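Just below sit the structures, each encoded as structure tokens.
The two complexes that follow have chain A in common; it is paired with chain B in the first and with chain C in the second.
Entry: the complex of A and B
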């Protein structure tokens, strides 16, 4: 027998109680892992994109389209090198796999996003094929798409002129990212704006959800942004111009401050957990006051007895915490697979690090009070049941 | 048996219960030679257990000196006392006080976790201690799977395993039937006579006291007489 063996034996003295407590710790850390990953995804999106591009959308909402006639005006602004635009298509693969799919002008888009790597021949094919579509490498690999295939895709917004929401596109190119960060984002699909305008039933023509401006100098971003918004002030198409980073953040914030929501949920979860595990530990120590007194009688110091109680709390939180985080990893992988890589819910190093810190803090919080009580025990009083 | 194992000099013990002060021992003086087997008897509240606790280093006197095995234990700090107890005294309680989550051998091994012995050496010592108390075949059993007498034997093995020279036993047969009690007392007698352990037991049972070499009577915190 070892000291750690003794700690584990004590932990399982009331098996049912320990297992139930362990399950609550596992659930809490499962939630922690998943929610922190969600948080990381959103912050990563905001941090990833630099300020070398600006996004222009309608001031009211990006769902309200802006006229393409703004393109030459935008390109005439000093500091703007090139303008691209994107229209949300709302693509759905097969029954219910949503795709991140936009209609755009191939050449303009290529100019603004040199981070996408694809051969000239494929860019040319995209520009010259009316029904052409290009997709990211991740997406192509996931669905086994090959260049030359006709890909049937439904739109959950736009029907064709014949009323059908089923569209068919010719896959003419597969693009990759220029580095690891961009490679992770190759889950996109693009089609031609011209074809979309001709074929959609609603006659949405000459309009787009937002413009993307490539700047000649990142330091001019603020000035260019102000110029654009004042240029269209009091017009039917007032604009809101932001950096890509701000755009991503504000996009996510439409459903609330994710970080704050996550923090509050985790606070509630861990506060409840603190009560549950704290109560278990306190009860466990209360039940064996005479045993703790015997340990001291045998020669274990006050510090050793405190150590035993803290070790039990740590073992409980560590087992539950690690299992919870592992389950979160598995769940994250399943979510990622289920959404076709569009929701990359993976526990990265920072989440694991935070998780381990939470385990240590939680152990100290639930173990310290009962541990100090055990430390303070007077042997003769405890043995006499006082 | 001439050298003193326990020397108690003018010991007073006062307990404070709220605002009330209760003096349990009043300037008590006592010598227990090495290798003695002493029974402490007396009515409830006479201070027997208090004296035993002081001799075993579980508590400190309010005044006076206590020397056990050459150490002034009344001057030791709480941490030093714990260390001293681990190496010098074995304890046996009325209700055995075994760890219910550990097997018999686990219970006996517990005090050895405070030593630097290897796991193999610890196992060997545990086996010897269980053999001495006649429970080698019950090593893997949990306390709830043992009879009262067997539990008390495990407790004695636990008290013996680190080879202390002094055993203090608080009503070791108080929870046992006559036959089992006699077996346990016989075992203590063997430990005293054959292994040279100095033993101090507190008991209410005159028959139990008969197993001791001598009996000391306490009343109202003072030693009354020494009976041979």
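Entry: the complex of A and C
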């Protein structure tokens, strides 16, 4: 019998116990995978967005508008290649499904966001249709919207000239992302700033919530931010400029201490798991003390006896851990599909990596104590049952 | 039978100290499940009780139609004055309608545990009547703002969670400087706000009207009268809500999210704990196989054995649950956190571990203990006496 065969055979000497322990480990890693991927959403922000773009908002809050008259001033700053802007529309689909929907200038936006993939014809249709709207692929699929349809959307902020908050837009384009990361963010909708300015009741013109700046050189981000913020200092339109990535991080952080709570849960889960598996291992070693003594008598070294116990712990944690993480991936994909991509819970590489690290740590933590006990065994005492 | 079961249970429990390890697995496992469950729901309960405490039943909040939140609502000064004259609004001591036009804007402050990321804080410009409409608001340090000056008072929740708004601090907003002159306590969602004079807020933020009007209702039918008068007024498109209902309505989404999270986490952790409990109860009855067989041989019934094992599992599970609830209480009760509310601004609230939550935790523990105990108990009772006695 090979050494690995011996380890496996030992695992199955008490089938019920091994299976039950395995199931606890699977549950723990299922939870670990799901929570860790939630944690990734809340902590990392969007790594792929990079630092090539700057977001300019009013210093007091991005809900305060900035005047569009700033556009030429921003464009004149060295290092700024192109300026786009977007204003929150407060769009609501049907009864109460809020949409991430902005008013913007089609051409400017297209220049600043080359990551969106849409045909030239559709971009042109968006630019030339006053009541035009383009939406991301996810959104279109979620609500079954087709190009050419008139889409009724309410705004919870802006009434039209006639006092009604029920707007209608012509869907002229559906965009997708250039890669996996960007495809996942196609839950957006855009309409024309010009049409919005013309049709809203307050005659609000020339204002927006954000300017988005495309830089000629990403390494200039810090210098350009400082130039902009000092340029508008002491004016009613003081600005706060940060990279798009930083903006996304602080936006997500607004939701609060989710990361902290997730870490607490993980801690509780792992502590519990450690005890369960640790106890099982200790028990299984206790029961086998005479056998281990026999192994030593046969000439196995202290080290290899320790190795057997550790290998057993590792096998248990590895099987349970991998199955648990796999289940978490499946569950995450199901949640993502079920919510139409609104809630993205996929286990990326970093979660798997952390999971494997956790498996290794766990095995060491639960295997070491019983293993050392097995290693210290004195043959005579063990065989005598002392 | 019952006395038999009790007798065996007594022996079992007295022998627990001799096999601490495996008994502890059940206790700790359940403590973990119940602590996580209680802590998560304590968060939802805290949020809910903060918002439910906000708003009175005898006041109405008036916003532009279809706004959902004060942040989205706005009307001009004429409409504001018009609203205040509507019937159904109670008159104050001075004979004027007891109503406050309020302007909600957002300012950014940085969390205490952060260095640069701004969080949205509600800044509420109010009229003097606002204080009459919220008699529970008390200035606990400093003084009230002086109308016409760039002064503000800060809710105690803001002070607890965010930096840069302490007494005497100067905050720069839109090219002007504001001084914090006082701190107030309201005991509800207003604790997460900064208050100032509405006219100063209007001029600084370039706004002309207000976001909402809060009005005291005149008698039991005040709301109905106000609603029908507003509906009949062609110059106004408004939503009239009982103030209490407006704030209570904001808790639904949060409760749903946290409830979902708590449900998923509890089910998965609970399953893990069931397997752990099964494991250690199997081990417990296996270790006592001979003892149980002996008892059966001298006349104890199988049912008594089953009951005694179940009782042991339940006792251990309940101990764990109480321990878990205690941990959740000690670590989280009163813990102050904040999250985004309906207005897209931070709402500061405290975790609240209630007896009801602890009770629900105990129910979960009993369920897990029953499942964890039943199979091993049946297994123990079914073992043929002779086989067990012969076992080594």
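Observations
Everything below uses one rule, namely that the second predicted complex is superposed on the first by the 241 of 386 C-alpha atoms of A that agree within 3 Å, B and C clash if a C-alpha of one lies under 4 Å from a C-alpha of the other, contacts with A are read in each partner's own complex, and residues count from 1 in each chain.
One rule holds for everything that comes next: a residue touches a chain if its C-beta (ideal position, glycine included) is under 8 Å from a C-beta of that chain, and two chains touch if they have at least 3 such contacts.
Keep in mind that what you see is a predicted model, and the values were worked out from it rather than measured.
In the overlay built on the shared chain, the residue A:9 is in contact with chain B alone; chain C does not reach it. Of the two partner chains, neither chain B nor chain C is touched by A:334.
In the superposed model, C is the one of chain B and chain C that contacts more residues of chain A. In the superposition on chain A, A:357 contacts neither chain B nor chain C.
With both structures placed on the common chain, the touch criterion links A:383 to chain B but leaves chain C unconnected. Residue contacts after overlaying the shared chain place A:279 against chain C, while chain B stays out of touching range. When the shared chain is aligned, chain C comes close enough to touch A:31, but chain B does not. According to the touch criterion, chain A has no shared surface contacted by chain B in one complex and chain C in the other.
By the touch criterion given at the top, residues 1-3, 6, 9-10, 12-13, 290-291, 294-303, 379-380, 383 of chain A touch chain B in their complex. Contact residues of chain C toward chain A in the complex are 21-22, 24-25, 28-29, 31-33, 35-36, 39-40, 43, 64-69, 71-72, 105-108, 111, 114, 116-120, 172-176, 204-206, 237, 264-265, 268-269, 271-273, 275-276, 278-280, 282-283, 337-340, 344, 346. For chain A in complex with chain C, the residues that touch the partner chain are 16-17, 20-21, 23-24, 27-28, 30-31, 34-35, 58-61, 63-64, 90, 96, 154, 156-157, 159, 163, 165, 233-238, 240, 246, 249-250, 253-257, 261, 264-265, 268-269, 271-273, 275-276, 279-280, 282-283. Interface of chain B with chain A (complex): residues 53, 56, 58-59, 78-79, 82-87, 91, 93, 97, 99-102, 105-106, 109-111, 113-114, 119, 158.
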